[in-house]
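In what follows, subunit A forms one complex with subunit B and a second complex with subunit C.
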Partner chain A sequence: MSFVLGTTLLAVVTALACALPGVFVVLRKNSMLVDAISHAVLPGIVVGYFFAHNLDSPLLILGAALAGLIVVLGSEWLSRTGLLTGDASQGLIFPALFSGGVILVTLNFANVHLDTHAVLVGDLNLAAWEQLIIGGVSWGPVYLYVMLAVLLVNLAFLGLFYSKLKVTTFDAQFATSLGIRSGLLNTAFMFLVSVTVTAAFNAAGAILVIALVVVPAATAYLLSTRLPVMIALTAGIAVTGALAGFWVAYVLDAATSAGMSVFYGVVFSVVLVATRLRQRRHRNVREYAVASSP
Partner chain B sequence: MSLIEFLGNHTYRMVFFGTMTIGLVAGALGSFAYLRKQSLISDVISHAALPGTLLAFLTAVVVLGADGRNMIALIIGAVIVGTLAVLFANGVTRVSKIRIDTAMAVSLTVFFGGGMLLMRIIANGAFPGKGGIQDYLFGNASVITIADLTTSITVGALALALMLVFWKEFALHTFDPDHSTVLGFRARTIDTLMFATIVIATVIGVKAVGLVLMVAFVVTPPAAARQWTRTLPGMVALSGLFGAVGSGVGAYLSIVLGRVPTGPLIVLTLFAIFLVSLLFSPRRSIITRAISRTRARAALKRELLLASAPAEGALR
Partner chain C sequence: MTVTNIVHTAGAPIGTPASPDTALACSTQGLSVAYRAEPVLRSVDFAVPQGVVMGIVGPNGAGKSTLIKAMLGLVRPLTGASEFFGQPLARTRKRVGYMPQSTSVDWDFPTTVLDVVTMGTYGSLGWIRRPGKRERARAVAALEQTGIPDLASRQIGELSGGQRQRVFLARTLVQAPDLYFMDEPFQGIDAKSQQAIVSVLHTLREQGKTVVIVHHDLATVRDYCDHVTLLNRRVVASGPADESFTCENIRTAYEVTAGDDAFLEFAS
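So, the complex of A and B:
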């Protein structure tokens, strides 16, 4: 497989793996929680490295995902105490964890040589560097298969728990009365989001992962009123954006994730303006009809 | 290291007073973001400050031919773009069914992505004085110059003055927006002004603390202060105090300990202040609430036993 093809595929798979759980993230009002999770990745990786001593170890992803889960559960616990209002509970834990991570890195804890800048920004082309070679034939970047596995796990989870997720998202009280353990389901879902964010940060960088998770789903949410439609649209926007963003970045010689997030942003803005104009025209037509009717 | 020795060193003094100014201003103005239930807007602002400063840098170097690291120019750029990011997030929720958390996430990542593209353009081009522009990601408190300090004090004082002048409007709009609109205050104008002060509070710290950690300066002190007080003036004052003291202590510790970076240590100090407040404050805290709950249970049990005792006697 050629390098460009492999990298493009990696971009598409990463975008899909992030965007699909993003549908429920947006509907459950957890968008900023993804931001919090993505920052907790750093200390998780440092501690994971302490145990694994290998930057490619799956323990790293697990450690980082657990750190993400600490942020999620910690924020929920803080807001359940009732002593904090608004979204403050989400903004308290992740800076502390991130600070811990930065301090560990600078103290050279476990001799980990992490470029904190690379953790935040990420580089798809670097992630695609290592090729999987079987029998002398290149099968594309190794990381492509990691992201493919994450995508499959996400698909399986969403497929298995689709109806339960749907009920807990739209009517949590009804779900509880049906006997669905929504707390457990939520924890499992957020753990999955955490794993996805961690796996994707290698390719996209911790901050821009949010773009892959949230923006396609938000754009699809503008365009749809039914969940299956929204999921399909999200997937379509994610893939288109990945392809276009990849080429924008290629032409501009910039980081792919930055190109992708800006492209998603442009699509979002265009859709926002278009739906707004359509609403206004509808309203005008209706007012005209009301005014002209006898 | 003694305190006199500490304050005798120019670099240490700059770090100490620079971070304390940031902590004070961000803590005091963060109270309004906290009470508006939109604390995380500061995270959006700090990320949008990156393209803002980079655009200001490019404008200063390419258009004006001036020094690109002029602190005032960078702050103006960051304030303008930061305010745009806030208006974008709040505007999206107003005109569509997208909710505020998603709108903030979209705004954050789009502006930050734009910043990363600009960063690449600057890194690839030959611009004088582009070194150090990377500091904005993680911040570097040891490069605070006397000019930076005076600029942050001036700009911070300006933001605090705005808050004091519009105190009544801000308070009314925060606690009862409908009433404030009925009284004839223009909601959108007050909103923009209030968020502009929060933008200023966030932006002055980005260079020293870094855009990732700035959110802690805005969120943590008000959350801690809220546990001790019930009035708005008390909260703003205490929050500013917590911010300043936490920053001072964190900066002092980081210098005494040596190799530990300042920003993260301040954040951990602020977090410790918050935890203590959450656990031990006399009026609202986890421990006082647990105690009063146990007491209430015991009292209820006593009452029930007393009430049932005569009834049992009558049966016998």
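So, the complex of A and C:
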């Protein structure tokens, strides 16, 4: 497989793996929690590297994802104490974890070779460097298969628990009254988001991964009145954005994750403006109809 | 209006209590709840006999919704325990239905009326199964019972306040419980929806079901409820409306001084 094809596929698979759980992240109004997770996993990644010596290791990904779960469960616990309001509890926990990670990186702990630039926005080309070679033939980047595995796990989880995710997202209290374990499902889902974010870290870094998770779903939300439609649109936008962003970045010789994020942002803005204009026209037509009726 | 009965499958036959204890649809003892340092309910004793429509009435902030949520385990009480048909909730969950306030959810959620009503069947589906034809048929029947079958494929954001309440009522009817908890079902609705909900209440009463309604409009309490609990962080009075819904008790619950009681004319 050629390097460009392999890296393009990597961009598409990463975009899909991030965007699909993003549907429920957006509907649960947890978008900024993803940002908190993506920062909090950094110390987990560095410490994990100390043990695994490989940034693609599944062990490292699971271990670092636990650090992401610290933010989720820790901020829920802090909120329950009633001492903090809104998402202040997230703001307390994730900068502490992230700065711990930054200090570890700059001290060159465990000889982890992460430069601060890659920590922030990732580097897809670097991530795609190590190729999977079987029988003398290149099968594309090793990292592509890591992200493919994450994508499959996400698909399996969302597919199996689709109904339960839907009802707990729409009306958690009602779901609990039905005997559904809303809290358990929420923790499992957030762990999955944490795993996804950790795995995508190499490609998108701590800051831009939120764009891959949230923006396609947020755009689809503006356009859909049915959940299956929203999921399909999210996937479509993610794939298109990955391809467009990758080629923009390739031509401009810029960071791929930045290219993808900018493209997502543009699509979101266009859709937002278009839906607002359409709403206004609808309202005008309706007002005209009301005004002109006898 | 024609009322289609949905098929009730869950639950034991009504009216054959094994012991005096099970003649109660639900009861709670010494229930106290606090939000942070603020006490909301203080040692509430509350019992609802089977087959009655019980109104929980009281001023804003009296803890009416909290009482229901604490009984159903949605809010963790500091003290106290609740029983349903003489058993803890975990054993009788299928016989208990909850209709939350309609303002508690995001109505822009990308889903249809039929979808939301079908959610009432999810409790019987296990972890993985998705609703099928049978579940959807039950949902359609419940929509007919609340008089809005024509709205089935609407996106929920397009509904009026009354239609939203009827969707939530239908979602609870789908569960076919024996005991209904309804949080402000008459909040912000039109006359037609009110009629539809009242007609469902009458049907449920005829079927021997038990209904607990959080209600705040004193003028209509007597129309809907045959039992009343006056609540203001503690139980002021509870029992058949004739005995509990009296001027004096209402005055106590609403902390109204004598002479200022023009609004007490509907009391017993």
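The criterion applied here is as follows: the second predicted complex is superposed on the first by the 282 of 294 C-alpha atoms of A that agree within 3 Å, B and C clash if a C-alpha of one lies under 4 Å from a C-alpha of the other, contacts with A are read in each partner's own complex, and residues count from 1 in each chain.
Methods note: a residue touches a chain if its C-beta (ideal position, glycine included) is under 8 Å from a C-beta of that chain, and two chains touch if they have at least 3 such contacts.
No experiment lies behind these values; they were computed from the predicted model shown.
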Per-residue contact with subunit A, leading partner among subunit C and subunit B: B
Partner chain in contact with A:53 - subunit B first, subunit C second, else both or neither: neither
Partner chain in contact with A:258 - subunit B first, subunit C second, else both or neither: first
Partner chain(s) touched by A:226 [first = subunit B, second = subunit C, both, neither]: second
Partner chain(s) touched by A:164 [first = subunit B, second = subunit C, both, neither]: second
Contacts of A:281 with subunit B and subunit C, given as first, second, both or neither: neither
Intersection of subunit A interface sets (partners subunit B, subunit C): 29, 221
Parts of subunit A lying in touch with subunit C, wherever the complex brings them together: 27, 29, 82, 160-164, 166-167, 169-171, 173-180, 221, 224-227, 229-230
Residues on subunit B engaged by subunit A in the complex (per definition of touch): 34-40, 42-43, 47, 92, 95-99, 101-106, 108-110, 112-114, 116-117, 120-121, 124, 134, 137-138, 212-213, 215-216, 218-220, 222-223, 226-227, 259-261, 263-265, 267-268, 271, 274, 278, 284-286
Subunit C to subunit A touching residues, read off their complex: 35-37, 69, 72-74, 90, 93-94, 96-98, 100, 104-106, 109-112, 115-116, 119-120, 122-123, 125, 127-131, 155, 157, 171, 175
For the subunit A and subunit B complex, residues of the former touching the latter: 26, 29-32, 34-35, 39, 81, 83-88, 90-92, 95-96, 98-100, 102-103, 106-107, 116-117, 120-121, 207-208, 210-211, 214-215, 218, 221-222, 252-255, 257-262, 264-265, 268, 272, 275-276
